[in-house]
Structures are given as C-alpha cells and as structure tokens.
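Just passing along the structure, written as structure tokens.
All chains are identified by letter, namely A, B and C, in their written order; residue positions are counted from 1 within each chain.
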Amino acid sequence: MSSLLHVIEVIGVFVFASSGLVEARRKKMDLVGVFTVAFITAFGGGTVRDILLDRRPLFWIENYEYPTLIFLFCLLVSPFFRQLRQVVTEKVIVYADALGLGLFSVGGASLAFEMKMPLFVCVMMGVITGIFGGVLRDMICNEIPMVFRRGQLYATCAFLGCWTYLAMALLQFTELPAVLAGIAMTVVLRLLAVRFDWKLPG
Amino acid sequence: MSSLLHVIEVIGVFVFASSGLVEARRKKMDLVGVFTVAFITAFGGGTVRDILLDRRPLFWIENYEYPTLIFLFCLLVSPFFRQLRQVVTEKVIVYADALGLGLFSVGGASLAFEMKMPLFVCVMMGVITGIFGGVLRDMICNEIPMVFRRGQLYATCAFLGCWTYLAMALLQFTELPAVLAGIAMTVVLRLLAVRFDWKLPG
Amino acid sequence: MSSLLHVIEVIGVFVFASSGLVEARRKKMDLVGVFTVAFITAFGGGTVRDILLDRRPLFWIENYEYPTLIFLFCLLVSPFFRQLRQVVTEKVIVYADALGLGLFSVGGASLAFEMKMPLFVCVMMGVITGIFGGVLRDMICNEIPMVFRRGQLYATCAFLGCWTYLAMALLQFTELPAVLAGIAMTVVLRLLAVRFDWKLPG
C-alpha cells in the first residue's frame, strides 16, 4: 500500500513537471528555462511548505534522484515535444493533475499534522503544497497565477480534501485510510468541477 | 499600553489584508485568489523577515487565529464588496495603511534589534516587514510593485521611522517610547507625503 | 590568492547590483526601487541558496557592510546615471557579468560540496547562486526572466563550470585550483557564447 503511494507520488512529480514544461515551451524558453520551470512546478509547493515549517533537508534534496530524473526527462522529451502533445491529450493531463493535486495537498497536510500544527495551519500547508508549484510557475512565466483566476474549482478541492483527511485523523482512523479518503475527495471534487464547470463566485 | 499596540497590530493586519482583497477583486480573482492575496499582503512582510532571520514558528502560525480570521473576513466581505467600497473611502485606507506601515516596520526593526543584528540590517528588516506584503501582492497580481514605482514617499517613511526607533533605543530610551516615536515618525511622514505630494527623484 | 578571490567577489556584487540598478532605472523606479532591485540582484541568488540549505546568518547579514555599500552606491550613482552609461559600455558589463556569474556559481557549488550535498544538488545550488539574483530582478520588474528566454548560453555556462569544479574536487585537487578552473570554464564559455552567438535549442 505504501509502495502504491510512492508510485502515485512519482506520477505527481512528473505530471507537475510536465505542466511546467508545457508552459515554458509555450513561452518559447530554452532548455534551461524548461528545466527550471518544470523543476519549480514539481517541487515549488513542497519547498515553500518546508521553508515555512523549517524542515530540512528539503524533500528533493533528500530524494535527489528526483531533480536528476526531471532534468533527464526535460532533455529527452524536448525534441519530441510536438508528438508528445498528441499522445498526452488535455484529458490525460486533467486526470493526472487532479491526482497530483490530491496527493501533494493531503501529503502536505499530513506532514503538518504530524508536526502538531494547528488544524487551520495544516490545511493551509496542504493547499500550499498542492498549488504553489503552479503559482510559482505562473509568476515566472509572467502570468497571474491560474489558480487565483476565476476558473473551475481547484484550490477549493484541495482545501476540502485536506479537511476530510483531518476529520478522519481526528476521529482516530489510522493514517492510510485517512490519507486515501482525503486524496479521493480532492480528486473526485476536481474531476466533478471540470465535468460540470463548477466555479466559485467572483 | 501593550494592549494598545496589540489593537494597532490587529488593525494593521486587517488593513493590509483589505488592500490585498481590493487588488485581488480588481484582477477578477475568485474567492481562493482573494483569500491568498489578502493573506500574503497581511503576512508576507513578516514571513519574509522571519525566514531571513530564521525565526520559527512564523508569527501567523504562532497566532494562527489571524489566518482563520482573515479567511472568515474574506468570506463575509466578498458579497458586500461594492457597498463596502463606499463606506471605506480612499482617505480611510490611506490613514489605516500608514498606521499599518508604521507598526509593521518599527515592529520588524525592534525584533531584529533584540536579536542584536547590525543597525543597517535592523532597518532593512523593518522596511522589509513593512513593505514586502505589498510587494508580493503586486508580484502575484502581475504588476511592478507599487512601492518601487515613482510615487509619494512610502518605503522612505518606514526607513526614517526605523532609524528614529533605533536612535532612541541606542540613546537608552525604554522600548515603548522608542517604538511609539518610530511609528509616529513613519505615520506622520507618510501622511505629509500624501498631503504635499512628496516624491523621491527618479 | 584568497584576497584576489575577495576582490573578485566584491566586483561580482557590484556588477550584479549595477545590472539591477540599470533595469530599475529603465522601469522608471524611484530610489527605493533602485536600491531594492540592486540589492536583490546582488544578493538574491545567495539568499535563495542559503534559505534552501538553511545556512544562517545569511552572507549579507554576516558581511553587512555590503548592503550599506550598495545603498551608498545607489545614492551616489543615481544622479550621474546618464554619464555613467557612457563610460560603462555594454562590453564592460558583459565581461564583468561573466566574471560575477563564474564566481557566484562556483562559490555556491563549493559551499554545497563542503556541506556534503549530493553532486547534482551541488550543481543546482551553484547555478541558483549564479542566476537567481537576475531571475528575481526580472520577476520584480515584471519580465519573463532573461536567463530562461532563448538567448546566448548563460545558465548552461554556470552549469558546466560547476561540474568542472566538482570533477577536479573529486579528483583530489585542492580547493583553490578547482575553484579557479570552474570560474575560468564559466567565464570563457560565457564570453565565447556571446562572441559566437551560441544558443540552446528552443
């Protein structure tokens, strides 16, 4: 079960990195820009969380194979960018991104909960972990961050997913079902929001 | 007297949060964006200072009722945004913001001074605490930060206010009169700058 | 020899500060903006590195005469900005900037290597130290960071310079020749890239 979570995490990292890669290519950046933006999209949220909570080493320094993999990934994928965009359709990206959002957010909330942070802070750390990679990506690419613009629910799904996890953790469920319920809540809400075009009021 | 300072601090937090809220609404962000930008405007300066000085827990984690209050504030205020803008005139905002600037800056300088930082670093920490919430707000909203553009003196008032505080602290005044003098200097300079349109050379 | 490195470091700080100053003036910022952007360009890369590695005090707090010097520099230079731009030609800036890039990058990599970070992380810290001042400068000035846009090799030179340093350090060379080789590699590559218009594929 733990190795399942690990697989999801790797998927999450690559999905987020890919979204950075796509955005960087759209802005006509070169390979350095592509790698940096991919890296920051994948690890930015967790890094901001770790800095705010003062956790060291940062998780991409502890698992330093990740940045290396992302670097190779950018090197390998860049020449085949056009072909790739035809295989990896918009729909695949939405699914994978929802999964990444769920895992990163609930993972961040669980980590803050272990550190005995106040509940609202746990939720904030979860949401920050889930969305700040994308926020930094958009700030570097000189855009108003996508998650703050009026679109289909995104951060709100992570917010409710984190509360789901916390509620179950407080009700003395063990870690695994609580985490899975939080992730499921985030992912399902996000996919429903895309499917039925749910938006927050402006 | 200390409870007076606490009241001013709460006012400062809400004033800065409101300025974030206004800016986020202007950019047509949704509720998530409004909360995030309000939050970052209110706590961004102090957070950057605490990270630079390696102080933990961050002050909004220690006083975690603040983010919760800001969250509720955004939820409650957003539907009545238009009416609110008529009651809270531009003039009220300028006064309140000057007060917030004074308190945040001198508070930041005093904190660095307690940590025995070099004087110029104390002043920088003060100015960072006072202005970086607004800088981050403008960066997220995809604007060149307001305080760096040629306008009526703003950071300069904080700069001189912090030196006032430090001068008095070095002259062996006790903390309270030194802090109050620093805040007063900042606020008065800022209001005079707005009144008489004082600007720095370009 | 160590005092030679110190001289180069001071040159690096002022070169990077000047590039911030030029950019801030171009955006019509006032003195506060000019100082802040100059400061962030000069110290931003090292600060991000130190925060990621959790090193304190930050190097500009330890050597607090630097920010004071930059402050005085901005005060003195601003009135003579136009004359200065004629003496300090584009060519001088390119040379000086290449030197700064080499020193900052290899210095950052060497620092991470001393902390026994994994090799790829050492290189990343080196590149971050070298380029992030400019990245933050461009983000504040509301531009897509120059180093990410398709231009003549820049971060790539730092990347290869850091690997040169690491290779020599791993081959048991002493610190000084390894550092100098890394700096030389970065600077020469950068100047060749400018001279022959070398670019990365988009």
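Just so it is clear, a contact is a pair of C-beta atoms (placed from the backbone, for glycine too) under 8 Å apart; a residue touches a chain by one contact, two chains touch by 3 or more.
Just so it is clear, the model here is predicted, and its values are computed rather than measured.
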Graph class of chain-chain contacts, one of line, ring, star, complete, other: complete
Rotation, 0 to 180 degrees and nearest 5, that superposes subunit B on copy subunit C via CA atoms: 120
Centroid spacing, where centroids are CA-atom means, of subunit A and subunit B in whole angstrom: 31
Contacts with two or more other chains, residues of subunit A listed in rising order: 51, 54, 139, 142
Residues of subunit A touching subunit C in the complex: 24-25, 27-33, 36-37, 47, 51, 54, 56, 58, 61, 64, 67-68, 71, 78-79, 139-142
Residues of subunit C defined as touching subunit A within the complex: 51-54, 117-118, 120-121, 124, 135, 139, 142-145, 147-151, 154-156, 159, 199-202
